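Both complexes shown next keep subunit A, but they swap its partner, so subunit B is in the first and subunit C is in the second.
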Partner chain A sequence: MNKKFVPFAAALTAAALLSVTACSSSDDSDSGSSDEPVSLTYWSWTPNMDKVVDAWNAKNPNIQIVVNKQDGGDPAVTKLLTAIQAGSGAPDIMQAEYQKVPTLVSADAIADISAEVGDLKAKFPDGVWNGVTLGSDAVYGVPQDSAPLMFFYRSDVFEKNGLEAPKTWDDYAAAAEKIHKADPKQYIGTFSATDAGLFTGLAQQAGASWWGVNGDAWSVNINEPATQKVAAYWGGLVEKGVVDNKPMYTPDWNAALNDGTQVGWVSAVWAPGVLEGSAADTKGKWKVAAMPQWDAAAPATGNWGGSATSVTTQSKHPKQAAEFVSWLNTDPEALKLLANTANVYPASTDATALLTEPPAFLSEQADYYAIAAEAAKAAKPFTYGPNVNVAYSSFNDAFAKAAEAKKASAFTEALTTMQQTTVDDLKKAGFNVAG
Partner chain B sequence: MTTVSLPTRKPGRNRSAVATTLLLLGAAYCLLPVLWVLIASSKSAGELFSTFTLAPSTHLFDNIAELSGYRDGLYWRWMANTALYAGVGAAASTLISAMAGYALAKFDFPGKGTIFNIILAGVLVPGVILAIPQYLLLAKLGMTNTYWAVLLPSFISPYGIYLARIFAAAAVPTEILEASRIDGAGDWRTFAKVVLPMMRTGLVTVFLFQFVAIWNNFMLPYIMLGDDKLYPITVGLNGLLNQGASQPAMYTSVITGALISIVPLIALFLTLQRYWQVDLAAGGVKA
Partner chain C sequence: MSLTTPAPTTTAAAPAKPAPAPRARSANKRSGVPYAFLAPALVLFAAFLAAPIVYAGWLSLRKVKVSGLGLGAKSRTEIWAGLDNYTRSLTDPEFLPSVTRVGAYGLIVVPTMLGLALLMALLLDADRTRESIGKFARISIFLPYAVPAVVASLLWGFLYLPRVSPITDLFEAVGLTAPNMLSSSGTMWAVANIAIWGGTGFNMIVIYTALRSVPTSLYESARIDGASEMMIAWKIKIPIVMPSLVMTFVFSLIATLQVFAEPMTLRPLANTISTTWTPLMKVYRDAFTRNDIYSAAATSVIIALATFILSFGFLKVVGRRAFNQED
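Now for the complex of A and B:
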């Protein structure tokens, strides 16, 4: 067995010989004084984040931020966790999606910066702020963007079929049937078994909160009535064949959006950017509306995505890092840059006043950001747990089979699998699990 | 004689027709994907998934311009990085393989058999498996996210050492080494002036193998690097596809980037081809 390590033992020897020269690559100084010039690395996958950071760097010669652009979402988090375990190689500042914050906290990857950033609570909606405090006194990052769900639809196709934007999920089901009957190639949407984040948002809208903290134990409530209702609803539509069962973000799906066979999309506030990339030919034909509701009298929505900016536990300069993180997500100049240059929908409540122009792809929709702001306020509270990745990959496996089978019963059964897998994993990882 | 030779010629002709067909099929199998990349990279983003697969379009240069414009020409930096990783890595690996292979083939020392067996075992271990342990080691030295993190692990190639040993045993006669010693050359001089030139054709093979392996390597740089200015093309293009749910994947740029990235490999093979031909011929004569 030891044989296989020989090539890499040789590499180690070579590495030891060269380490003298390589040590110079670290430019951190050991002193924590804020007068010393420091250079901090920042991992983010937000496009044009380097241009937003340029504005900070120009004004703060002693705290220079270097953006390392990452692959979107999961890969960067995996990389960060590996670096934390290895003891070096992590950046100072990290983009952390809300659903990853509990994972990063329990892996001791991101630091509590409550002492450094002071009181920012008032600047963010409660649900969003809760996402970085996890209900405690600690602050594990400053919220950057929120991504409330909305309903995007092809207004020309809806008009042709005499339909309005669906107000309730019953309306949505009726519209789905009507559109598919009128043209068997057209679908109002698809159930994507590869987008756990969207399904989580739909469950959140229905009132689910999959994880919970009870004293020193975690609870898992995936297989519960609200989520079952959502799964059965989509399973029913797929079984009837009025909603497609193909995954999103594939070349096929892009083509379907572009050639008008997918005429609706339950998505988040960032959707126009995606539509612009995948369905350029349909520009000007899309409109947005608030989400279809379970109870029209009590409008609610969920989130799909959204992230905070956190300081890692490996940073030697948490004070300076926190100073930057706080500027980035609350300063009016930074918020403007985030919204206009990086195309994110800032989480800060101060940002609503800055967003007046609708996104270019939906330029006709003057009230775009008004609808988004309403949606952001209506997001239901939702608690994520420390093993979201396990729950999500279990979603992918179980719902891929259910979507393939096109049986409503298979959709609700898939929740049993998800619940079991998630609980088992939590127990195996050594967490206390209640219930 | 003619009556005998006629029946033997016929099946011979048939066999070559079958062989030709098989080879043509094989060639088509290998070349069709390249053709697809070539055609797809000439399409605009709108045409990519809507027009007929094999219908070329006219947007190749637009696509190259768009790719070059991505974050101020970052793609070309990835290209330069890849050339550095593959060029320096393959050159160093070839030199190390030559030295190790020569020593294993021509010298007797205690533990020689064991060392060679260990290297043989190393050939069987895929590099992917070693990427994580290598990451943990380099993290201890604080060297992750540097050029060294990708270069160092590629210096040692068990397969290269194995090939070099076989080649040194076959191509370097012991008599010549004795003659060189009698003439007063030291070990280094013998290696540099006598052995290396004799092993040249074999070392070209080692170099090409290692160059292509590093050029196409994904896992090691993917794990080691966090700064996209250090990325090779493979990891960089993968990033353009994984932009996260809120961004569209940049299919057109990725396809165009993939097309450009194979051009240097083709050029390298065409330039070094003559050494390979010599190599094959030389091997044939000795066997």
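Now for the complex of A and C:
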């Protein structure tokens, strides 16, 4: 190479590198009128959501939605918060679990779309609607699905042991003992320290509401009587050894469901989809019943999961995004697709009439959706706070220790840790905390 | 070439300048050449290493202040925190146990891994093995290193879970109970095992390569003097590969302090690995679960400092002894 040319070429390389990095970080920022075709990205982890969206795309050539499949609720929120902090990279539309809504609002990640969606309040149960407004005039998303807790059980094993679906938690404890005595390998269920959402639902059923707003201050009530009752109950069962202490959603747990060593599961309306994947060999043997109750005279339940569809603060086309979000969760055609193709249990009250066929995995249970509808109505009110993530990760650590120790007293102590960690985190960040 | 003689004390501004092509003549032009060659490396270093480090340092001195209920767009402001994040990091009740855990983990992993690597390298360097099974053995020992840590942890995770593990079946077939690797006493070994399985091959190759560069005349003269193969290994081979051992030790030390992927992947499978099991997992939890990058940055800086002190401290202590034959 020509000697004179060398420094020039090297500098050129450096300059080219610089300009490449510069280009990739700048976004085009045309605001665009509503008639111009726009393409919006939508983060969701619901299976087959792309097929639901296809129906919208076919009819709306100017607002094309691109579904970007996510791993699940937690990783998607992590990614979204990182993108919000970075200032770019967030989608236009985001699936947001109800318990994450306050966190996302507090991080300024999802936008108030009350002006864009209009009045949809009448289309949803009050408890669900409250989850997207947080009790204010703002609307931080449109509810998509609700996930009331129910009890799934292996009818063949229960019959063999002369048992019926437990009506109360006392029945459940008795059944747990009977099943485990009859076959020491079998358990009615497991207490999983990796699933804070389920424990929250159980506490919700008992009447707890872990966060609250008093004027302009948050209150935290995790270590309170209803939750203590639930923790002591499960701790007692684990200590006795009649309920397993292994985490859920592991290959080991899948195998236990499939080979009949776990014969019951307190889970939500979406459970048949999970069972189909992890316990395919047991098809036709499962049944569903309403949740065991603390007070049989006043049936109650909680939720495990359920999510809304929100528009992010980084979207350049919030109006079009809100239009889609509202169609997706209220239009009869969309609700039908959600229920039948994406297998979600729509939150909209209009959807009840659409769900007649039971899920394929429980095809013999004709009243599946009647039981689910009853459960959805019985869900107790529950308020989530702005640091659910902190409380949940504290749950993971504290209850993992308790479950490993197999001591009922450790379960109630874990609540003290959770309460302390959650309050400390709020105070540290500067939130007003009452009490 | 004169390219090796620049003293780049003021290089920071140089790479951004366009090349001074037209004005050049004689000495002036020549002094620009090294900078131009250095430019790409310096730009990459500045953009992807120095800048993020400085930014992390800056973040570690900041924190977010929320006002009122913290809802709505304008309720968060970033403020100066001074050393608050550092104090909180160091006094966090989970911090010391996680450091102790990593210490114990290092005590298991580093000697076992390097011991195995040295043993295998010596065995493979012996004349008989090198000619017969040498190549095959080298590749099979090295292969686990090519498996990403997350994949390795998932594979081992399956082997640790009693209901899906073929190892449990083997134990049962001979009438024994398999140890529960994910119990509170087994977890440390479970994690260490994955690291040893994955890391031995790399270290073996490094040591083996050092052994191969020893002139054979040394061994010949030792044999003439009546030394056995064991004696040769002990008195000649090991002292000669000492610099490689020091290097692999420092690498292993750094990897130990940064252990993350293995326990993170095993965590959902067991009750015994907390979200703060290692210091780096605490960083991850603070940054991505608690959404508090400021505390995470402070803990990262602490880990980085500890790594520097330990690695350079170790090199200072052993350096002269290990490298004296090269001085």
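One rule holds for everything that comes next: the second predicted complex is superposed on the first by the 404 of 435 C-alpha atoms of A that agree within 3 Å, B and C clash if a C-alpha of one lies under 4 Å from a C-alpha of the other, contacts with A are read in each partner's own complex, and residues count from 1 in each chain.
In this text, contacts are C-beta pairs under 8 Å (C-beta built on N, C-alpha and C of every residue); 3 or more make two chains touch, one makes a residue touch a chain.
What you see is a predicted model, and the numbers here were worked out from it, not measured in a lab.
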item: Which superposed partner A:323 touches (first subunit B, second subunit C, both, neither); value: neither
item: Touching partner for A:277 - first (subunit B), second (subunit C), both, neither; value: first
item: Contacts of A:239 with subunit B and subunit C, given as first, second, both or neither; value: neither
item: Which of subunit B and subunit C A:108 touches, first, second, both or neither; value: second
item: Subunit B versus subunit C as contact partner of A:82, first or second or both or neither; value: both
item: Which of subunit B and subunit C A:259 touches, first, second, both or neither; value: both
item: Touching partner for A:249 - first (subunit B), second (subunit C), both, neither; value: both
item: Which superposed partner A:413 touches (first subunit B, second subunit C, both, neither); value: neither
item: Contacts of A:73 with subunit B and subunit C, given as first, second, both or neither; value: first
item: Overlap of subunit C and subunit B interfaces on subunit A (superposed complexes); value: 4, 6-8, 10-12, 14-15, 18, 82, 85, 249, 251-252, 255, 259
item: List of subunit A residues in touch with subunit B within their complex; value: 3-8, 10-12, 14-16, 18-19, 22-23, 25-26, 41, 43, 45, 47, 50, 66, 68-73, 75, 79, 82-83, 85-89, 91, 147, 195, 197, 249, 251-252, 254-255, 258-259, 268, 270, 273-274, 276-278, 280-281, 304-305
item: Residue numbers on subunit A that touch subunit C, as the complex places them; value: 4, 6-8, 10-15, 17-18, 21, 78, 81-82, 85, 102-103, 105-108, 134, 136, 193-194, 213, 216-218, 245-247, 249-252, 255-256, 259, 261, 313, 386-387, 389-390, 393, 396-397, 400-401, 403-404, 425, 428-432
item: Touching residues (chain side subunit B, partner subunit A) in the complex; value: 45-46, 48-50, 71, 117-119, 121-122, 125, 129-130, 132-146, 148, 152-153, 155-158, 223, 226-229, 238-239, 242-251
item: Complex contacts: residues of subunit C adjacent to subunit A; value: 15-21, 24, 29, 32-33, 35-37, 39-40, 43-44, 47, 64-73, 75-76, 88, 157-158, 161-164, 183-184, 268-272, 274-276, 285, 288-293
